[in-house]
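Note that the chains take the letters A, B, C and D in the order they are written out, and that residue 1 is the start of every chain.
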Amino acid sequence: MTNTATLLISCPDRKGLVAAIANFLYTYDANILHADQHQDEAENLFLMRVEWDLADFKLDMNAFSAAFQPIAERFCMDWRIKLSSRKFRMAIFVSRYDHCLVDLLHRWQSGELQCDIPLIISNHEDCRRHADFYGIPYYVIPVGGNNKREAEAQQRALLEEHGVDLIVLARYMQVLSAEFCAAYPRRIINIHHSFLPAFDGAKPYHRAHERGVKLIGATGHYVTEVLDDGPIIEQGVIRVSHRDTIDDLIQKGRDLERMVLSRSLRWHLDHRILVCGKKTVIFD
Amino acid sequence: MTNTATLLISCPDRKGLVAAIANFLYTYDANILHADQHQDEAENLFLMRVEWDLADFKLDMNAFSAAFQPIAERFCMDWRIKLSSRKFRMAIFVSRYDHCLVDLLHRWQSGELQCDIPLIISNHEDCRRHADFYGIPYYVIPVGGNNKREAEAQQRALLEEHGVDLIVLARYMQVLSAEFCAAYPRRIINIHHSFLPAFDGAKPYHRAHERGVKLIGATGHYVTEVLDDGPIIEQGVIRVSHRDTIDDLIQKGRDLERMVLSRSLRWHLDHRILVCGKKTVIFD
Amino acid sequence: MTNTATLLISCPDRKGLVAAIANFLYTYDANILHADQHQDEAENLFLMRVEWDLADFKLDMNAFSAAFQPIAERFCMDWRIKLSSRKFRMAIFVSRYDHCLVDLLHRWQSGELQCDIPLIISNHEDCRRHADFYGIPYYVIPVGGNNKREAEAQQRALLEEHGVDLIVLARYMQVLSAEFCAAYPRRIINIHHSFLPAFDGAKPYHRAHERGVKLIGATGHYVTEVLDDGPIIEQGVIRVSHRDTIDDLIQKGRDLERMVLSRSLRWHLDHRILVCGKKTVIFD
Amino acid sequence: MTNTATLLISCPDRKGLVAAIANFLYTYDANILHADQHQDEAENLFLMRVEWDLADFKLDMNAFSAAFQPIAERFCMDWRIKLSSRKFRMAIFVSRYDHCLVDLLHRWQSGELQCDIPLIISNHEDCRRHADFYGIPYYVIPVGGNNKREAEAQQRALLEEHGVDLIVLARYMQVLSAEFCAAYPRRIINIHHSFLPAFDGAKPYHRAHERGVKLIGATGHYVTEVLDDGPIIEQGVIRVSHRDTIDDLIQKGRDLERMVLSRSLRWHLDHRILVCGKKTVIFD
């Protein structure tokens, strides 16, 4: 793997932005691999992703922040820098359905998902054998009745202990509290089994079947405190017909969920997503 | 074109149904071209579409009803018979956007849509030249403020006068009254520019843009008195991204609207649709 | 699971066929669950699939053949009967790529694929741990240089010993001999990683990349003695762009391969496929 | 419409490229609207598209070439500049099938295609009425037997006379000579009715039907002297089944052809395409 740095920038759109950034990188002899930008007219925002090879880069990355600060201030940038050598530490939350979990773990082992997975958290024992197969610690924290606050405290302690900076809800069937969501802004990715905003909330396949839709969908999105309302990262659909029972919908949907979730996740891991208001900009 | 008859049946599911129908047709030497059936478990309904060549058929179609009645009664059938020689008489309603209208007229002239189009009704003059080009009478009935009741009376008089038995709303931007809808049950087809049930009602492209969805859709459906709530016939989606403005969505959506509307319409014209509760069964 | 029988019929198209079959089933009180038929005009063939519940069926299935024979002879039918209680015994062939194998095994354990898997055969050790996890015997038979004849003899002995009646090539990177293919007519399913007939043969992703296509595909098909030329069961495509490297194509393609192979396989297991000349009829 | 300039660049990849271009534009106070770039690793090429608002631009566009030349030379650039005020002059070639022609003309009149259409050339009279409706001169030049050389001479005289710089083959059923193709490099766009490279050449729908594919496609591409072998701009597919006759394939294919051709064309008109070897880079 090439050792790279990725700079993500969001700021008010102004002339001279690209020149300032390009000059800064050229000064230190950066070999730019990818550069993408987007102007959001409604918000008058300039968004940019630039990735360069660190092999020839003449600036020590520890000094990057200080060196880039003058430009960042001049243009009022909201920015962050990501090194490919510094992997995300990702926790997977799962309940009883194992198809997304198994898919993520296999992709991870195949090298498709560049991250560490220090732990899996579940409210059930069911998926432990998959965690064991891939050698990942599996913690069961039952959730029910009145213990949500307590359960979340346990979960957050585990996350902190393992230095987690990204959470994937792989069909985790519990709603997280507003406090929990607020503690991980844009760092919790959920897969919802409908094409949002249709069928948000519970039992989307049943409601899709009842309504008689001809397509079912899945949506990968960041979790915010309003259920199924966070910025959408990716969506997919698959055709269904009157011949499909609810069980058929659930089965067809599993394929969608796997693909949409893993694609959403990969974009996050590759630092390809910027959130702009309620929307995502995907630099693919 | 082969001269055919199509029998559409809906009834409680019981043993012996297929045998009874097949024997009846065989008695009169029918050469069956297509036969499709579907069991709806939730409603315990049996639905069937059977189409046969009339060339060798030994029963005069004027006598069909009397001959079939005993079987229909025995199985409590809701049934209808359609002859390919008897074309639908279809009215098109349109406002200012002409893309669906132009598409339908061209398909009609190419022989893709087997129907007569005795008239086009609009609340604006804009599309008249297309009607003229294809030689179809074009009536303008302005709708606004308080004249909806009056306008609908004029529309219905025209429809009756022209023997219309199918209405297509080709991006007609007015909401029809409950009375109007009730007068044409399952005989009004609308194209809605979203993947229903998401973004029902007004300005779906604007709301889709605001929500940041990654797919936009279109839905062909039968019109009922509840807005955008009728049985769905067909749906399609197309991918969009953060780079797409509202105008881009509108433009991409036009392609979808044309395809989904014409496909919905073709299935209706070919007698391929049975409505079962709030859903459609499409015998394609 | 409902205990059902499925009758698959292929014969010259003639009047009275449906009536004869429906009457036969009605005589023994069959509760028909699904019935589909198709007329192939070019070949003048009638193809039918009918599935019924065995709960009330008044004919002992051991006597079915004798009872149905007169009808079969009268209409010159090529027919077979399949019982849901009699599962396919499926062997999986795999080389080093494990993504299709892992996907099939997980679907199998989830109950999505109704079959037994008595063994997995590979020319490499790599995938053994997955076989172990799911508790399926794993046999390694190296293939190379001049030992193909010998290797196939070993493979066929194993298949016979385990009573295998269906073989899935889950990215098995060896070409089977004509003799091997002939021994399992329409009982070997392969996934080819292109939209056939484009890019048949070796290295389709590389050639797709070189040609600059905007879509890549995958094809599930029956294996015949001509490479990548057997009847196509299912195909899928996914969008690619100039930004995609060969590695990106390979990764995107894996998702396609999994979906298309498992769908092809499920249709076979559910007795939904009839082969008609070089084509398949899929009764979905 | 905003008055913009678009700069398209292709050159060997080197450090400092983006900085040099960004600085040049910033010097003249360009308000950059869109900037996209791509590195082709195999060819070690850097490709860029940058579009800016001319409202505040301090450099007279007549002087642009001279001002930009030093940078272009330093980086060995193959470059061109396009002004939104300078529309393409596009000729449409058509035979008897009118669906692509009608679609293009309607999109053009709706403002979806920003170009002038000074003439339509056909080898048949059939489509004249559509040309008349949209007020575009229609020339019939019969092609057959031995007169191709002569016919092409007439065609080229007309194209020259009308200052044509883009030719669209809207299902024009004649093969252009190598000389003709060479005279309009990357300026002839064709729609081929298959997913190339499958079914290149004649009668693709018939061959697709015969092969029993489950998807049919359409391909928009630049025409080169080798038939159906030019750089692919866009592709689409649609699902078909055993129930579809050749006529059904042709009908379904028409929808695809219209969409794929118009999309290919729009990208060309918006200066979004760079050709790199045998492939296209689409800056969407």
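Following the convention adopted for this analysis, a contact is a pair of C-beta atoms (placed from the backbone, for glycine too) under 8 Å apart; a residue touches a chain by one contact, two chains touch by 3 or more.
No experiment lies behind these values; they were computed from the predicted model shown.
In terms of C-beta pairs in contact, the better-connected of the chain pairs A-B and A-D is A-B. Averaging Cα atoms per chain gives one point for each, and the point farthest from that of chain B is the centre of A.
Averaged C-alpha coordinates give centres for chain A and chain D that are 37 Å from one another. Put simply, the C-alpha centre of chain A and that of chain B have 42 angstrom between them. Counting partner chains per residue, chain B has residues 243 touching two or more of them. Chain contacts here are complete: no pair of chains fails to touch. Per the touch definition, chain B reaches chain C in the complex via residues 15-16, 18-19, 22-23, 25-26, 29-37, 39, 239. Against chain C, in their complex, chain A makes its touches with residues 98-99, 102, 106, 110, 112, 133, 243, 251, 255, 259, 284.
If you check the complex, the residues on chain A that touch chain B are 38, 40-41, 195-199, 210-215, 217, 231-237, 241-243, 245, 276, 278-282.
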